[in-house]
Each structure stands twice: as structure tokens, then as C-alpha cells.
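The same chain A turns up in both complexes below, where it pairs with chain B and then with chain C.
== the complex of A and B ==
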């Protein structure tokens, strides 16, 4: 497999990138999934998101307010999309940290003749793939078991697909940003991605409309592409009139903001990673292990 | 040779436990960044669920429920990551072999981990409750303080007993240990009613999930904090008695399971299997 993928660095950049990305994806998938049999892996993949959505559903039923009825669909879509953030963003950082600290392979990967960013993005995409079954099962359970208003007739497929693609790009950009920080720190590196994820869970409207947040956090939320991604996914999957975070905006405006912020964050992440990588090499901390 | 006299019996158990709890307690003050992460991370998740209730237009007592859930989460995470999965980390670091060749055996090591982990988590949990209460203006009035303390103490003993049982089960595993600890997060938050009254799951389902001591402990503590409004699963005294039973049960199970799993792990050569 690896031997057949060998390619000269002098080959075209795009082809070299693609080969590295593909092999990194394969490697990431093996690391994520081959610790158990496929059935247990499937159960493992869906248990956490399903647990999350059911917690919200029970909170919803315990309160039992008539005015809150529209929030069920909001919860289901948010919970279905969140595993992509957990796996794609936090997972990317953990891939780097586990390569460095646990498998102790980072120095070999880094010094091999491959584009390191392509390797990281391949690993991130493999992580994101593990979220697909969780998202699908959450949506199916949400529709047929919990009765969320997810109807094929009202789903705006092209809009949802574009939003999804932009969302994954945003997740990768955030992942690269977190990796940029993780590459420079050691002791806190394991906890830092979790901290970023928890902060984003709070401010990006994953499980409640951002309009509930205090003004400062609401403003902060509007600068994060995930907020717009989740908003766009809800607009694509739920029927018109469903609860949203920005009811005053049109669907096009939401998608426009998502596209702009995704592009901005990708540029920022690319720049941050370039600077962080250079600094890590200067300081000699690229493969520094913390023994935690 | 050391001047410390050779200890045997209970003295050795206590000395080994104290030795193992020491790094956990002292680590609380040495690694400040951990204090930040261990307090702020659960708090962020807790605040998110507070806002869910606010979005649902729930009465204020639900905010108190969520903060209690956030505090309980600290203990559950400590039990899963620093008890159950601890031997996995110790395998990676090479400590497990040292524990096994030491004359004290694994039980005092686990006891020390429990005591140190509890002390460490208690500090962070108090911080979560205080910060949560200040941020969201929640006031707690404890009815029957001695019963409250008894429920908390017995619940913690049962919970760490469960942690020791899990630790022995995880002894056999390599990478699976990490994934299993990860798996037992949200499903357990759901089953134990971290963020809502567990009675909402239905009586028999809630009785089933009571095998995890946090279920009954949280329900009893909520009854004592919100006596008029909390939909109780069982009367507090019955829950306290069941928690006592679980504490005894897990103490025995942990002992038996540890012996059995250590034997299996030795026989199958998994004690030093790192990946």
C-alpha cells in the first residue's frame, strides 16, 4: 500500500499533496477504527452523540413549556453536526499530540519528504469521517423516534450540501489553528483542544440559540464560522419557521457569512500554522515530549 | 538501605496509599494550568446547559440542577480517567510494572489514587459550584445537613469503589481502555440524570441506572436541596441505604475483580502491553 504510493517530491505539488492526503487519511482511519470490531466501533461512534441529544430531549420534556416546541429540531441538528467539530477540530490536534507523545512518530513523519499540512489535513478528514455515522444516526433517531421536524420534502439539499462543505472547511481551519498552538506547548497540549471545544460549544449555538447569550458572547459568536455553519445547516435541514439563532437574516446572508468567515479563518489558520511551525523549529520543541 | 522500618499488614497498606495519594494532592498546587483546565472545562459545559434551560424558559431551580450536574461530572471524569483508565497511562509511563513488583500490591495503590483523586476533585468541584452559583445567582439551602453529608460521603465511597472495579477491568486493555472511558461519558450523563431529574427517565429505567452510584446520590442531594419541587425517585433514606449497599458491593467486587483480572493479564501477557 505504502510502497505503491511512493512518489517523488519533484512531482507536481498538487499530486504530491493528494497522495500524502490520501495515505494520511488511510493511516488516520486505521488508528481510529482498528482497535475493535466494526460493530463495536459503530456503537462507540454513535453512543456519545445519541447520549447528548437524549440529554437535551429529556431537559426539553422536563421543562415542558409549549413555547419551546420548536427547539427539538434545533437540538437534533446541532447535536448531529457537533461530532464533526469534536472529531475534525479536536481530533486533528490530538492526532498531532498523540503522534508526538504517544506513538512518538512525529519526528519521523515530519522529516519524511511529504507536505506536513497535507498529512495533518488527511488525518483530520479521517477523524471527521468517524463522525458521519454519528450524525446520520442522530438525524434518523431525531426524525423517527423523537419527532423532530426533519422532512425530506422540506430539506433544501443544495443549500445543505454547500453549507456542509463550507462547515468542514471551517472545522479544518479551526483544527489547524488549534494544532498551531499545540505544536508550541507540551504540558497543557492534551487539555487545550478540549478547552477550545468546550468554549466553542458554549458560544457557537450548538445546543441553544446564540440570542440567549449575553451581548459580549453573542458578538464573539458571530466571528466564529461554526456559528454560521450550524445556523446554515438548520436552515437547510429544518422547515421554514424553525427556531434559529439569527431570525432576522435571510438564508443567503447566512451562507454568505459562512463562506466569508470560512475563507478568513482558512487564511488565518494557514498563516498561524506557518508561524507556529517556524517558531517550533527555532525553539527546538517540535518533537518535545512532556511525559503526560 | 532505607532507615524506614519495614512495614507489614495495615501499616503497609496505609503507607502505600498515602504515598500514592501524595502526588495527586500535591499536584493540585504544583500544576496550576491543570487547576484552570479542570475547573474551567466542566464549567463551560455546565454553562452551556444552563443556557439550554434559559432557552427553554425553565424555572430557576433547573439552573441549580445543572450546576450540581457539572460538579458531579468532575467526580465521574476523575473516576473514569484517573481511576479506571489510570493503569493504561501507567502502562505507557512504565509505572505499572513498578506497582506490580512492589510488596504492597495493587489495592493500596488504588486506594491512594482514590483518596488523592477525591481530594483533588473536591477542590475543583467546590470551585465549580461557587462560580456557577455566583454567575447565575443560585442559592442553595441544605435541609438536614447530616443526611446531606452522609449521602455525599457514602456516594463517593461507592463511586470510587466502582472506579477500582473498572480499573481492574481496564487492566486487560490497551488502546480500548481510552476508548471505553471516552464511551462512558454522555451515555452516563444521560443515565444518571446529571442535568435533569432522573425520574424523567421513567421509574424502572432510573432504578436500572442506579447501579452507578451518582444516580441515587444526585437524586438524594437534590431532594435535600429542593425538597418541595424535586420529583424524587425514592425517599432519601432508602437511597442512602442503597448507596451503602452499593459501597459494600463495589468494595467486594473490586477486590475479586482485581485479583481475577490481574491473574488474566499476567497469564495473557497484557500487563506490559502498551498499544
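== the complex of A and C ==
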């Protein structure tokens, strides 16, 4: 038949999904690891996380003097995990916005026969990977300089790994949601992910237990998978008896809530993205470069 | 399988504009205002029209970037609103005059990445990339970063990206905009070769260069203010222009040429007095009438300085239809940035 020979049979289906994700990851990594300048590499990979740790140390001693010495482990784990949220969630939105407004490639990526979500998730995972060095620096400094109670003997590895995977899934779901909003915003789109990140930092128990929040915010916090993720990571990494956000819950319950919320948010994000994509096509903003 | 590559029916696309200082009420811009087109497979079809006519908007709808506001459009037989995946597997798009590309990647990496999105096997894709880079004269630059390319080079790279998946339907929005004369000629030659060697492949092209449309297109549609004014082959359109060819006659000063209009068979006459001579534009019922004109001039002792027959160009048609020359339109509307 005329012109009906497909270029390749490997479009559609799980294989193309996987391939798109891999290529998007590769692209994201090329962009993120573009350290032509060793100084920049140092600033971003070492100095910045070190800075967060130092802030942490300072806070720890201020709060510690007030009699909350048990909080050190809480701080260290929270600070080590947070870069995954920043990179994974905000980075996803930034990937999309920079594709649209900086590289001006979004229209070509979008109109290629890829599962677009696979592309976004690939980019998000590449962003998340850049958080590894920050997390490692924080944990090392936290353990050996500050003396946080991180001991191989008391780390619950399988639990931590499952929690970590669910956490990344939650971060991706949040990323997809932020993208859904960012795709519809122009001009100010760059600022939106920052704001969401700051709000989450406040309520999800990154630096202080959720239990100290006012009741309304506490309820809100319980609906965010990140809260449960940080809680689960602490339970996995720290010895029993460390300060936690939900002292009345068992480890299993925490992991259970995390799994449920991660799944719920994934479904929500998927739906949000479907709606946002349709609206963006309707409004003609997919390749918009500046505020019209 | 549909025999039409592209089919639109009363396609309308409006943009809602925000309220702003220049535009206090906000409001809607009708970019595409009821376009009906039928483009069979295998055709190289051109969209012509002044700035803001709606060409790019129409293409955006067809490549699934924009939803139609009303009406319908089918590409390769699939509906642009609902069957996007099927369409995307069969098309690609290149727009000229833009500097798109991941600046951090090399030319080859960037193209490889897109080949993966189209599901091409990696090794075959790299082979095809090198081949196409040679065609557009970019092979030497293949390991350079995209950010180091000139805008014309980027455009060639984007053309390669568009050709890479060997699409059934290729959308080219001003593909030679910003290319130097030689490069533009190469690109046109390659585009022509590309469709010729692949029967059944379709190209929808927009351009502001009339000679480009004449040289490349099997058929063109002239669109103006979002609507199709006329669709035909370039040759047929040229014949439509004021009844086909005309004559330009230069004579010694005439001092009024209305009497020439009395010559039987002269349909229109347009005289302009110059420096000691008069230029007369004559539209005749047929070429034989020119003998009568020459005789009438001889009878009145006017010398014929020159006489030539002019075949109307597509540009003439365009001017007649759109009312202004393209360049004037360009100035009036101004290039949008």
C-alpha cells in the first residue's frame, strides 16, 4: 500500500514508553551534568548541599539549646531527602518550561509520537539524580561531623528502599501536577514551582515535626505523600526512639499511608495532566514563548 | 486508508487575547476563518498569504499543537482533535526562522534523540543522520554543539530533524526563511527530490517567496485573513491573472493613449508617460490583436521603442487577489517577533 510502510514497528506500547523515558533521562542528564566549569560543578554539587547542612547545624544548636537534642537525626534525614523534592518536582516543571521558552523545542518534542508523560518522567528522574550528591554530602556530614545517629546496624535497609522508591514516585506525581499548572502559565511560570516547593517545605515535616503545626496545616500535611515519605525515611534510617512526626503510628502504617497516598497522587497527577494538556492545546500555549 | 493526506472542513481557529494596555477589552482574534482544503496524497501543496493570514495557525492545528475552535481537520485520515498519536506517527514539522534546539547537545546527538522519539533503530538512524547532514552541507558540523551554530545552520539541522523520520506528510512553515541564496536553492532542490523519490509523500509548505511556490508546488492556496481565496495550480493561477499574458509597449511620447483602447480586441490599457516616452500596458483578447495596435501607432507616426510579452507571475496573481504587494503587506503588518 502506498506510503503506509511505517518507519519502524517499535512505536506505541511499553517498549516505546521505556525508550522515551531512557532518552529523556539521557537528555536531562546531558543538560544537568553539563559541567564545563569545575567551579560550577563544585558550587552545585558540594557547596550548595554543604550550605544547607550548615544552616541545619546552626538551627540544631539554636533549637538544641532549647532542649530538643533528639532532633538532630530528624534534621539530617529531612535535609538529605529534600533535594529530591526540589530537583524532582520543581525540576520537572523547569524542564518543560525551558523546553518551551529557552530551547524552543517543546513543539517538536510534543508533536513527536512519544508518550509525553514518559518524556516528562524521564526528565524528572534525571533531575532527581542530581539530588544524590547533595543527599550524600548531607548524610556524611550529618553522621561524621555532627554525629547524627545513622548506624549501619540500625538502618532498616529494605524498609528504607521501599520508602525511597515510593517517595520518588510521589515526587514524580507532584512534578506532573506542577507541570500541569506550569504548562498553562506563561511569563510567570518560572516562579510557580518555587512557591509550591516552599509551601511543601513548610508543611511536610522537612525540618520540624508535623505535630508542631497548627491543626489545619497538620491535616493538610497528612494528605501530602511527602510528609509520609520523610517520616518513613526517618524510621528506616534512624534508630527507634528518634523524634518523628507521627509517634502514634507503627512503621508499617506509615509505609502503608505512603503507598496509598503515592498511588492517589499519581492518579490525580495523571488526570490533572490530561486536562491541562487538553486545555493547553485549546488555548494554544504549548509553544508559547512569552506572555501574550 | 484515506486518499487525502490533509482534509479540513470549515476549519476555524481563534485566539483569545488577554486584556492589556493596547487592547483594553481583551477579545478574540480569528486566525483561521473557515478553511476548507483537500490535499491528496503525493501533492506538494503551498499555502500563500500575507503576514497574519493564518498559515502558521493552520499548520499548528494540523500538527496537533492546537485544537480547532470549530470545524474539522483530518491528517492522513485521522482526526486532529482525537487521533493525535496516529497523526504524530506519520508527520513531522519544520518551521523556518527560529532557533530551536538543545544548545548543549551536539548536532548529531540532538538529531539522534529525535530519531529515538520516532522509534528508529539507533544505528540506522545515525546512518541516516549523516546522510542527511551531508545533503544540507552540515556534515562537518555534526560534532559541534547546537549553540555554536549560526541560525541558518540550525535551520538546516531542523530540516534534517523533520526529514529524519521519513514522514508521510511533512509540514514546512517557511523552510527557506533566513537561508542564504545557495542554501535556499539546495533546500528547494532537496524538497523536490524528496517528494519525487517517494510517491505518495505529501508536503504542505508555506512561503512568502512566490518563485519558491511556483518552483515547488503542485497546487497553491492563497489565503487572506484566515480564509482561502483561491486554490489552483500555479500555472492555472497565472492564467487567471487578468486574462493571462499582457504586453508592455514603449513608444515615443503619446500624450494620452485612450485612442489606443479603441483598437478592436484591446481589453485594457494602462499608459504612463515618462521621460520622452510612454510605457503602455496592454491586455489583449488574443496575441493577434497586437498587429492592430502596431498599425494604429504607425498611422499616427509614433515610434515603437520596445515591445515585449509578459507572462503573469504568481506574484501578479497574488497582488490582484490580496490587493497589495506582499512587501507592502509585510510593512503594513510588521514582522511579529
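Here is the rule we go by: the second predicted complex is superposed on the first by the 266 of 292 C-alpha atoms of A that agree within 3 Å, B and C clash if a C-alpha of one lies under 4 Å from a C-alpha of the other, contacts with A are read in each partner's own complex, and residues count from 1 in each chain.
The definition used in the following text is that contacts are C-beta pairs under 8 Å (C-beta built on N, C-alpha and C of every residue); 3 or more make two chains touch, one makes a residue touch a chain.
This structure is a prediction, so every number in the text was calculated from the model and none was measured.
Asks: Contacts for A:284 in the overlay, against chain B (first) and chain C (second): which applies, first, second, both or neither?
Replies: Only chain C is touched by A:284; chain B is not.
Asks: Classify the contacts of A:213 with the two partner chains as first (chain B alone), second (chain C alone), both, or neither.
Replies: first
Asks: Once the shared chain is lined up, is A:44 touching chain B (first), chain C (second), both, or neither of them?
Replies: In the superposed model, A:44 contacts chain B only, not chain C.
Asks: Just chain B (first), just chain C (second), both, or neither: which does A:151 touch?
Replies: A:151: touches no partner chain.
Asks: One more residue to check, A:104. First (chain B), second (chain C), both or neither?
Replies: A:104 contacts chain C only, not chain B.
Asks: Take the contacts of chain A with chain B and those with chain C, and give the residues found in both.
Replies: Shared contact residues on chain A (touching chain B in one complex, chain C in the other): 103, 291.
Asks: Considering only the defined contacts, which chain C positions touch chain A in the complex?
Replies: Of all residues in chain C, those touching chain A are 1, 15-18, 41, 60, 63-67, 85, 88-89, 91-93, 98-105, 109, 113-114, 116-121, 158, 161, 165-166, 168, 198-201.
Asks: In the complex of these two chains, what residues of chain A are touching chain B?
Replies: 35-36, 44, 47-52, 54-56, 58-63, 65, 67-68, 71, 102-103, 187-188, 191-192, 194-195, 198-199, 201-202, 206-209, 212-213, 291
Asks: Mind pulling up the chain B residues that touch chain A in the complex?
Replies: It is residues 31, 33-34, 37, 40-41, 44-45, 47-49, 51-58, 62, 92-93, 174-176, 179, 182-183, 185-190, 193-197, 200-201, 275 of chain B that touch chain A.
Asks: Residue numbers of chain A touching chain C in their complex, please.
Replies: The contact residues of chain A facing chain C are 1-4, 6-12, 16, 19-20, 23, 26-27, 30-31, 34, 103-105, 107-114, 119, 278, 281-284, 286-287, 291-292.
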